[in-house]
Structures are given as structure tokens and as C-alpha cells.
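Pasting the structures here.
One chain, chain A, appears in both complexes that follow, with chain B as partner in the first and chain C in the second.
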Partner chain A sequence: MNPGPQVVTHLFGKSYLPVTDTLLIGWLSVILIIILAKYLTKNLKLRPEGKQNVAELMVTAIYDQIEPMLPGEGWRFLPFIATIFIYIGFCNLIGFVPGLTSPTGDLNTTLGLALVVFLVSHYEGMREKGVWGYFKSFGQPVIFLLPLNIVSEFAKPISHSFRLFGNIVGGGIIITLIYQAAPGLVPVPLHAWFDLFIGLIQALIFGMVAISYISVAKS
Partner chain B sequence: MVNINTTLLWQVLNFLVLLWLLKKYLYGPIKEILDKRENTIKNEIAEAEKEHAEAMELKEEHRAELKRAREKSSDIVDKAERRARERSKEIITQAKVQAEKVEEDKLKEIEQAKVEARKEIRDDFTDITLLAAAQMIEKELDRNKHEELMAKYINQLDKKKLGDVQ
Partner chain C sequence: MVEFSPETIEMVIRSVSVIAAGLALIAGIGPGVGMGFAAGKATSAVRRQPEARGSIVTTMLLGQIISGSTGIYSLVIAIYLVFT
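Up next is the complex of A and B:
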């Protein structure tokens, strides 16, 4: 069974700077994503062909998700939301490679990203309504809902991060169990299901939820 | 298994670095090329509309020119026809005039011939009359009388024909 993130080494030999396998695979993912992005956007032409179509389709598909929920601000939020999609999607898929575990199977990754979304959504809310106006909105529609609203705000990053974490870890646990119960070819389609399908769906959900949190904070 | 540590901060940093790098290498260039394409297409549509309008204008112009040319050509044909008609009329008139002149000349010639013929006839008649008269007179007049008459006659002739020479 996946034993969870392991400390591999310590950065600069300091015991308070542990480097886990999550972090190493996270770095690997970042490097691979950048190499892929550079490859896809090499030699862009007005008439797209081949790999340029892939890059454009990816960016415009994400843009099409953002624009209806944050009208007129699609391009402003695109880098943030698209990076969530791409990073989480890639981190989920990398678990498909034997010997590598998904960084999203570590709560540190998902909670970190959920906290970034949390901060961005509150910042956008304040930017839209002003600091006081934004805090006042927690007392609406009636003032006694204020504690509930505050609790629900803090519940957001938790549910946001645990949803992804739980899906990935759960998938991993099930596959490990199947490996022990029925080795051979049986776990192969399950890999496809849990790593490819659930992985991409969860990345999409994480991104869509991030958009909706920002959208809710702004409205 | 669930253990929150510095990895969280590292992952946030990873995410932010990736965000920055992707902005530079993916979103930026893609947005740029999309905008460029949009602008190009917009410009091309505007250009095409402009060219279409120009083409329509040219077409209109050509139509007007064609109409003008047709009018001009029919004008030229009309003029040529008119000129031809005038010319034919002129030719006919000239021919008539010439014919009249020829007729007149011929009439004059005929008149002349008539006069000459009349004169000839008169001359011949005079001669015959003279001869007849001479024959009659020869019987009744003597020689002297005859010579006298002859002289008189010759004198008259001379007077008639030679005029001032005498």
C-alpha cells in the first residue's frame, strides 16, 4: 500500500527542510510541463498546424470554462486557473508512471493549492467590493448568519483540498488492494480508470471549483 | 499519511513558479498569436469589404462607361448615316445639274445646227433662184443687160461678204 509521502533527503542538510518524494515529483512535473509548453509554443504561426493546435485548444478550452463564470475577465484569470488545471492534471497523470506517486496524493499539495485559491478568491472579493464591503457581505442576508458564513468560508479550502486528496489516495489504495488480490492484468483497466479518468476529472473539478469560489466572492 | 509540513509551502512555491513560467512560455505566446490572428482576420475582412465596395464602384463606372460608349457609337452611326444621306442627295443634285447642262448644251447644238441648216438651205435656194432667174433672164435680156445685172449682183455679194475691203 502507498505509505504516503516519504522524506527522501534534507535540503542543505537542514532537518527543518525535508524534501519528500511529493516535492521531487512536483519539481519533475514542473520541469516536464515547462518543456512541453516550450515545445508546443515553438514557432507559432498565424495558420496553426500540428502541435500549435494542441496548445491553442488547451488554452482556449480553459478560457471557455472561465469566461462564462467571470464575464469579461477570462484572460485575466486564465493563467491562474489554467495553471491549476495543468499542474493538477499533470500531477494526477504522473502517478500512471510506475514508481512515481501522484503529488496530489499528498495533502500538502492539495491544501497548498486550495489555500492559494482561498487567498485569491478573498483578494478578488475585496478588490471587487472594497475591504469593508466584502466583510459586510458575510453578514448577509441576515446578521445572525455571520458565524455560519465564516465557517463555510473556512470549510471551502478544506473540502476543496480533501476532495482531490481523497480521490487520488482512495484510487491508489483500491489499486494496491487489487494488486494484492488479483495480480497480473486485472489492475490495468483500473489504472486507466483511477489514474487517467479520475485524475483528469478531479483536475477539472478542482479548477472549476476554484473559478466558482472566485466568482462567488466577487458577486 | 496525513502530515502537513514544509512541503505545503514548497508546493505553493512550485505552483507560483509554474504559473510564472507558463505565463511566459504558454499563455503569453498563445494569447499573442490568437490576438494577432484575430486582428489579421479583422483587417482582412475590412480589406475585403473595402475591395468589394471598390469593385462595385468600378462595376458601376464600367456600366456607365459602356452606356456612354454605346450612346457614342449609335451617335457616330447616326451621324454617318446622315452624312451618307446628305452626300447621296448632293450627288443626285449634282447629277441632275450636270444632266440639265448636258441637255442644254445639246439643245444649243441642235439650235445651232438648225440655224446652219436653215442658212444653207437659204443659200442653196438663192443659188437655185439665181440660176432659174438667169435662165429666164438669158432668154429675154441681152448681153449688156446681163453683164450689168451680173456686176450689180457681184457688187452686192462683195458688199455682203467682204465688207470694208472695197
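Up next is the complex of A and C:
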């Protein structure tokens, strides 16, 4: 029960470019999401039926989360936020398959996603207020608070990534402990809680926190 | 002056870090109380204004996320203490 990425194989010889299971399962879920998206959006009709309803439901559900916090820019941010929602939700759910581990149970995945959100939020803040105006907003309301504002800005990606990582790894550790204490059918309902419910809630929360960081940087 | 062997020192460090990991999870009290308080307030707000349910739930979740990060920090520190 050692958490974290396990090195599966090496590219180019014995010790160069280690390939971890996180990388392989992350790419597997990317390919599965592409196949699913292609399947759901095949021959779209004006009057939706069947699988097109599922695709429209997902898009409008994510749009309804973005629109109240970034008014008027829901369609602009939809591709970015929907990517985060769907990728993290899929990565959390793929741990439900026996033999596969969630790529989000690795700090590299979550920190990478959090850094992308960090860069996008700063870019949007500069786009809204101009570069100098954005940097001046760190000295608000008094210049004395400048170091505190900068430290809290760097704490954002750290807490953002550790929240997802901690939830997924913590659930995995609890399930492993219960498998050792009471094997058999006892841990099965816990999978429904830790993998399905917590996984989907954490994907929703990661996306909502990303939206709120962007809207804080813009205001 | 008593000399300890390296194995003894290693064992003491391991056992103390496991105890410290358990103690770090005491921090779970704070987020639990805070998130429960926010959920209770949100429930009474929904009862008073059922039409504003969507925005109340969104605000409640955001507040709970922020107050829940301290618990996650303690969990990460506990994992670090046990597995290194």
C-alpha cells in the first residue's frame, strides 16, 4: 500500500525517462474521453434524442455553474472548465476498475492541473485590468499588505492541488486498511462512497474552485 | 553517556513518526465543526428562501472547501510522516 506513482517501464534504456502508471492511465483516460465525446456527438440533430441528450445535459450543467460567477463569459470559459470537470471526474472513476489506480492520486497530476488554473487566472486578471493595474491590486487596500497578498496567491495552487490529492489518496488508504482488516464483502459499499461519490464531488469542487479563482482575479 | 545502535534510532524515529501521524489527524475536529456549522446555516437559509437554493448551495460548498483545506493539510502531513 505504497501511495504515489509506481515506475512501470523506462523509455530509451534502463534509467532514462521513467514511465509511471499515472502517465499510462492518464493517457488511457484521455483516449477513452475522446472516444466517448466522438460517440456522443455523432450526427447531431436539431431535435435531440438519445445520446445527444446526455451530451447536452453535461454541457448545460457545466455552463450553469460558470455563468453565475463569470457573468456573460460562460461560453468563453466553457471549454477550459469542462475539460477540468470531465478529465478529473473520469480519472477519479477509473480507479473503480480493478487493477487501475486513479491518476489523480498522484501529486504530479493535480499540481499540474492547479498550475494551469493558476496561470489562466493571472492571465485573465491582467487581461481585465492591464498588467500594471493587476499588479497594483496586490497592494490594496494598503501597501503594507503586499507580502501577505503575494503569499496567499502562492498558497492557492498548493491548497487546490493538495485537496484533490489528499481526498483520493486518503480514501484509497482507508479502503486498503479495511481490506486488510475485513476482507470479503465488507469493503464493497465503501467503494461506492470513496470512489463514486467522493470522486464526483471532488471533480465538481476542483472545477468550482477554478471558476472562483478566475472570478476573484478578474474582480 | 549511553550509545544507541543505528537500528534502535531508526526504530524510535519510525514509531514516533507514526504516533505523530495519528496526532496530526486531531486537526480533523476543526474542519468538521466548521463545515457542519456552514451546512446548518445553509439549511436554515434554504428554509427561509427556498427559491435561492442554487446560489446558497454554491456559496456553502465554496465556504466548506476553504475551511476544509486545513483538514487536508493535516492528512497530507500524516501521509508524509507514515510513508517516508
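A few points about this structure:
Here, the second predicted complex is superposed on the first by the 212 of 219 C-alpha atoms of A that agree within 3 Å, B and C clash if a C-alpha of one lies under 4 Å from a C-alpha of the other, contacts with A are read in each partner's own complex, and residues count from 1 in each chain.
Simple rule for what comes next: contacts are C-beta pairs under 8 Å (C-beta built on N, C-alpha and C of every residue); 3 or more make two chains touch, one makes a residue touch a chain.
As the structure is a prediction and not an experimental result, all values here were calculated from the model.
Once the two complexes are overlaid through chain A, chain B and chain C fit side by side, free of any clash as defined at the top of the document. Contacts of A:Asn167 after superposition: chain C is touched, whereas chain B is not reached. By the touch criterion defined above, A:Val131 reaches neither chain B nor chain C. In the superposition on chain A, A:Ile205 makes contact with chain C only, while chain B stays out of contact range. By the touch criterion defined above, A:Ser159 reaches chain C but does not reach chain B. In the superposed model, A:Thr109 lies in contact with chain B only, and not with chain C. In the superposed three-chain model, the partner touching more residues of chain A is B, compared with the other of chain B and chain C. Touch criterion met: A:Ala82 reaches chain B, while chain C stays clear of it. Touch criterion met: A:Leu40 reaches chain B, while chain C stays clear of it.
Contact with chain C, but none with chain B, is seen for A:Pro68 once the two complexes are overlaid on the shared chain.
Closest CA pair between chain B and chain C after superposition: 7 Å apart.
Of the residues of chain A, those at positions 3-4, 169 touch chain B in one of the two structures and chain C in the other. Residue ranges of chain A in contact with chain B, taken from their complex: 3-5, 16-18, 20, 22-23, 26-27, 30, 33-34, 37-38, 40-41, 44-46, 48, 52, 55-56, 59-60, 75, 78-80, 82-84, 86-87, 103, 106-109, 111-113, 115-116, 169. Chain B makes touch with chain A in their complex at residues 1-12, 14-19, 21-23, 25-27, 29-34, 36-37, 40. Across the interface of their complex, chain A is touched by residues 54-55, 58, 61-62, 65, 68-69, 72-73, 75-76, 79, 83 of chain C. Against chain C, the residues of chain A that register as touching in their complex are 2-4, 65, 68-69, 159, 162-163, 165-167, 169-170, 173, 205, 208-209, 212.
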